[in-house]
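Residue numbering begins at 1 within each chain, and the chains themselves are lettered A, B, C, D and E in the order written.
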Amino acid sequence: MTNPSADTAIVKLEDVHLSFGQTQVLKGIDLTINKGDAVSIIGPSGSGKSTILRCINALVQPQSGRITVDGTRVDQLTKESERIALRKRVGIVFQQYNLFPHLTVLDNIVLAPTRILGVDRREAEKLARELLEKVRLSEKADAYPGQLSGGQQQRVAIARALAMKPELVLFDEVTSALDPETVGEVLWVIRDLIRDGMTSILVTHEMRFAEEISDTVVFTENGRIVDHGSPEQIFHNSDNPRIRQFVGGLSGGRGAVRDGEGI
Amino acid sequence: MTNPSADTAIVKLEDVHLSFGQTQVLKGIDLTINKGDAVSIIGPSGSGKSTILRCINALVQPQSGRITVDGTRVDQLTKESERIALRKRVGIVFQQYNLFPHLTVLDNIVLAPTRILGVDRREAEKLARELLEKVRLSEKADAYPGQLSGGQQQRVAIARALAMKPELVLFDEVTSALDPETVGEVLWVIRDLIRDGMTSILVTHEMRFAEEISDTVVFTENGRIVDHGSPEQIFHNSDNPRIRQFVGGLSGGRGAVRDGEGI
Amino acid sequence: ATHASADSTLDRIKGRGALTVGVILSGAPFGYIDPKSQEQKGYNLDIAKALADDLGVKLETVTVTPPNRVQFLQQGKVDILIANMQYTEERAKVLDYVPTPYDRAGGAAVVRKDSGLKDWTDLKGKPVCVSQGSNYTQPLIETYGATVKALPSQPESLLALQGGNCVAAVHVGGTVALLLADRPEEWKDYAIPFPTELIPSDSVIWLRKGEKDTQAALDNSVKKLHASGKLIEFAKANRLLNTKYLEEEQKALSAAK
Amino acid sequence: MQDMSLTDLFVSLTNRIGLNYEFLATGYEAQIWRDGFITTLYLIALLIPVSLIAGLLFAACLTSGKIWLSAPVRGFIELTRNTPTLVQLMFSFLVLNTVVSNMLGGAQNNPLSPFFWVVAVVGLHIAALHAEAIRAGIEAVPASTVEAARGIGFSQLQILRYVEVPLAFRSSLPAIVNNLINLVKLTTVGNAIAVSEITYASIMVWTQRDNVVSLMIVILLFFSAINIIVARIGLWVERRLAVPGYGL
Amino acid sequence: MTTATLSQPTSHRVLRNIGFLALPLIVIVWSLADPTLGREVLEWIPYLASGFMMNIVIAVLAMLLGTLVGALFGILQLVPYRLVRLPVVAYVQLFRNAPHLVLIFATTYIFPFEIVVFGHYLPFPDWIKAVIGLAIPASAYVAEITRGAILSIPTTQWEAAKGLGFSRGQALRWIILPQCLRRSLPPWMNVAASITMGTALASLVGVHELLHAATDASTAVRRLDFTIIAYLVVMAAFFLLCYPISRLTRRLEARFNAA
């Protein structure tokens, strides 16, 4: 794997190996992401996509290999405080949006900046309202998560991650738990973010969306990166039969992609 | 509505009206069922199908109209003991099979005959084993409901109802809670029963099945019987556009029938 | 609890062939469980036995505690109480008693030697431990202004003293005196320094109101026990340290005979 | 004077239906009894916050993941749950207290009163039960919610403070209220070590008089009233904390 | 990292077993260290054991009585007739909220010491009063447990029973209550543990149970160290009885929750 633009790289994984107990999950991952890029990771279920994101955010620690995020050697962090410092700079949004159910939407967004960054409450609220504007949920500021639809909750989760002003945002199948009708509204929000130049890594099953917004698409299988390249390359000109099978017959739509995963 | 064979009628509903609070659920039901008949009731959700069955079994009481079951004026029963006497003669099987989870399959079947009819335990067990044979579950006699699949549980529920040697069995969407693969095994059992001459009333969404086994098909909508007749008449020669719409485009299969209901 | 005025108790005692006595096991010498035989022993028990013998019936004992002894008697659970219960006017209002006392006792205060307490009046405003239901409660509060802490029974009270929760533990003189004498090592820091006993009064046998026949029969028996010197014998056997009162009584009663 | 005549009226009225409250008209017994009510209320008012704070600390130790913190707390919880509180109280007051006295060089230096021991023993006992409830609540917080918080950059302590405890507190509130009702009932054991709460005061009265029934009626009503109030307050707090769309 | 909720099985089990035996071990080690004390302890063990038997008898009978009455009251709390329901609800509320100690005092001092049945005097000893004093709260708790369990059975079970021709009573007897049994076992065992520990309160009204026996022994021996060790023995006895029950309860709870 070649890294032509190593100097501007914000995330770099080199030969990352990771096992949970006996099961090898990542078997040598190399990946470089430049500032301002939008990278999509696609691949069958269990291939290690989520685990890659969790490594980058120091939520799990690989057994070997190097992970560098904006100059920080993530794999060498030993203290919890260092990991926390990293996570302040790298936002992550999960499939289960996991808002804090006991806090209003606004408080969900404001909590981390005020408590972790020590931002003044008024300022944090101002930012939070801007972000709610961005995810088109201004009128829900005082609602509780339980009162929102799944799509709305996921948009709040994105706003919550952005409130920390991260340099990089990781999205882990943010639309998988949503019903087809609400997927669109979350994807709009992410599309807007990427257009604004946010560096982002997306794990997704929405092939069409990945094709549209990504600078690079990475295909993982069985703990390895099988191929990566421009969306054009991966989705339409791959010479790997496995990838063709995965994306090929299935370019029709979402439901079909689901069926394909299991192969 | 004409009743040509009123003399052999085992169930007869005349102008039955029933409301739950403000909502009128049955708005004048007339229905006659002869001994040995198999009658299917079809119709959209909420049209009152279950309520008709529950009236016949005295689980609910209509506000007006007459219900006669084998000479008993069900609508005039006032005492619980009379209703119980009726229910001993009219078996009912529900969508949720509601086996008693603390008893084995055999005990589920044996409980009512021994406790209610006062049948000798040995005799009741003998009958129970015969019935288990009939529903092809002989080897599961000592299992607990929790150890059975949905289809198996539903077959036990049928055997449990039959153990009371009812003159008439009511089936309320007995396959709706089952996955497509196990629907078949329950339908076989019912088909066998009907072939043996058991009088039965089925509420069902399985059009093909209704067509195959019924002597009469009744179509309900909005608390009224819109039409009734032979399966041939209802499924293929109805001049009611609503019925044609309900069964017509959908004769393809189960999944499609489901979509049709909501119309 | 009201009872028929006709004295049914004596009939019942005779009828059942047993006298049920409420005794208290607050420690030697009056009542305790013998470590060896694990039987009830003590001065009170000896008297109970003697009374039963005199009535020609069996003795049955019921262990009572200060908080429940009056209830037990009122309910009829016991026929009489021989339970370190001294005569007071209040008690005499609700219960009857055998006029001839079987002992005279007052309260003694166990205090730390270094406490500097010299007399009852020094207890003013100080915490004092007693047993629940003790007849020392009222005088300690009303006469001497002490703060009374009543514990379920005597051992707890003495432990509370050792734990420092009160400056003095006030109990029937005989018991604590013997305790200090018997276990000098454990109690070396403690003494009974006050010159007088608290409300020295007659230890009497209590019974329910209006049971005149029983009262008379028992009075007769107690007198005999005094006169014959039996009580002094019991006292010696159980190591009552102060038998002056008993000796006087014996003289008076045997002379009267 | 007004008060006096009211008391008399009450005594004579109750006397007519066979209840004996004559002691109310006397000096020290009435005083002891009134103090008994106040002491019980004071005990409850003190014990509720004590038990909650200690319970929270215990729960924090239990969930800390550090064995040297969780094992002693676990051990204490098992001990206090599986031995009678009365015995714990007697043991603490009669034995531990003496040990403390000896360590301080004599009983006169020992500041610990029976009242203290009741608060300590009952408070810690109920705290242990609270801790169990809170721990169960914390364990019921979905792992994914915790991971989301970690992903944002919260430290373990912050996650506990801002996410786990608020959620756990809500889900364990019914159990906690139940524990508080037990707490109110447990204050009565104080009488065994001469804490002048209401049962102690009543014993002092009924050992001199024959009016157990009259006193029992009052005590039972008193505790029912307190516990109904505690349950009501619990319900009110539950409603106040209820989050729309979360839980029931 | 991933949360450390996973237990370290072996070290935990060792700790737990040490904990379980800690109290008796202290008693034994101390008795061995001071043979004079040890001899006293040994002498009194039979007496203390007879006291503890009383605790067990009281607890068992109180739970038996409490369970019978409580199950009945739990059912009655759900009957549609106000006249039946309200008094039962009042009973349950009053006695659920009443301190055990107060109820023991009440039954001991209010009930007569003997009862007259057809002219025969039957003794009504204190320990039976303690049984009743504890059976009253037990019945109130069990009533609540029963009510909760009945309400937790899905209504479809009632309907299925009705459809088969069961009357309300028959359905309750054969279908609903047997299912309640399983659900209410863990809370019932919690009540049993609490009642078992409540038996110690009977000492305060003079019932000859373990704590009372220990006080007797301390009074007779009159040694401070003996008094301390007597309390330890009391705690050890209750702990050895109740701890296994509470562990079993939690195991059952976990199993039922998982199912």
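The criterion applied here is as follows: a residue touches a chain if its C-beta (ideal position, glycine included) is under 8 Å from a C-beta of that chain, and two chains touch if they have at least 3 such contacts.
For each chain, UniProt lists the protein as follows: A, B = Amino acid ABC transporter ATP-binding protein (PAAT family); D = Amino acid ABC transporter membrane protein 1 (PAAT family); E = Amino acid ABC transporter membrane protein 2 (PAAT family).
Since the structure is predicted, the reported quantities are computational estimates derived from the model, not experimental observations.
Engineer: Just tell me the minimum hop count from chain A to chain D, counting one hop per pair of touching chains.
Structural biologist: So the least number of steps between the two chains is 1.
Engineer: Keeping to the contact definition above, tell me which chains border both chain C and chain D.
Structural biologist: Chains touching both chain C and chain D: E.
Engineer: Determine the shortest chain-contact distance, in steps, between chain A and chain C.
Structural biologist: Between chain A and chain C, the shortest chain-hopping route counts 2.
Engineer: My parser should flag the chain pair with the most contacts; which pair should that be?
Structural biologist: Counting C-beta pairs in contact for each chain pair, the top pair is D-E.
Engineer: Taking each chain's centre as the mean of its Cα atoms, which chain lies farthest from chain D?
Structural biologist: B
Engineer: Taking mean CA positions as centres, which chain lies farthest from chain A?
Structural biologist: C
Engineer: Since chain A and chain B share one sequence, what rotation angle in degrees maps the C-alpha trace of one onto the other, as a multiple of 5?
Structural biologist: Between chain A and chain B the superposing rotation measures out at 175 degrees.
Engineer: Roughly how far is chain A from chain E, going centre to centre by Cα mean, in whole Å?
Structural biologist: Each chain's C-alpha centroid was found; their separation is 55 Å.
Engineer: How many angstrom lie between the CA centroids of chain D and chain E, rounded to a whole number?
Structural biologist: Between these chains, centre-to-centre, one finds 20 Å.
Engineer: How many angstrom lie between the CA centroids of chain B and chain C, rounded to a whole number?
Structural biologist: Computed from C-alpha means, the inter-chain centre distance equals 83 Å.
Engineer: Go ahead and note the Å separation of the Cα centroids belonging to chain A and chain B.
Structural biologist: The answer is 52 Å.
Engineer: Where in chain E do residues touch at least two different other chains?
Structural biologist: In chain E, the residues touching two or more other chains are 109, 203-204, 224, 227.
Engineer: For chain D, what residues touch not just one other chain but two or more?
Structural biologist: In chain D, 90, 94-95, 98, 192, 203, 206, 212 touch at least two other chains.
Engineer: Identify all positions of chain C at which a residue touches two or more other chains, and write them in rising order.
Structural biologist: Residues 67, 71, 152, 156, 159, 162 of chain C touch two or more partner chains.
Engineer: Could you list, by residue number, the parts of chain C that touch chain D in their complex?
Structural biologist: 1, 66-67, 70-71, 74, 90-91, 94, 112, 114-115, 129, 132-133, 137-138, 141-142, 149-152, 156, 159-165
Engineer: Quick one: in the complex, what on chain D touches chain E?
Structural biologist: Residue list for chain D touching chain E: 65, 67, 71, 74-75, 78-79, 81-88, 90-91, 94-95, 98, 139, 143, 146, 181, 184-189, 191-192, 199, 203, 206, 212-213, 216, 219-220, 223-224, 227-228.
Engineer: What residues of chain E sit close enough to touch chain D in their complex?
Structural biologist: 3-5, 8, 11, 15, 19, 22, 93-94, 97-102, 105-106, 109-110, 193, 197-201, 203-204, 211, 224, 227-228, 231-232, 234-235, 238-239, 242-243, 246
Engineer: If you look only at chain D, which of its residues touch chain A in the complex?
Structural biologist: 142, 144-145, 147-156, 158, 162-163, 166-167, 170, 241, 243-246
Engineer: With touch defined as at the start, can you tell me which chain E residues reach chain B in the complex?
Structural biologist: Where chain E meets chain B, its residues are 154, 156-157, 159-160, 162-168, 170, 174-175, 178-179, 181-182.
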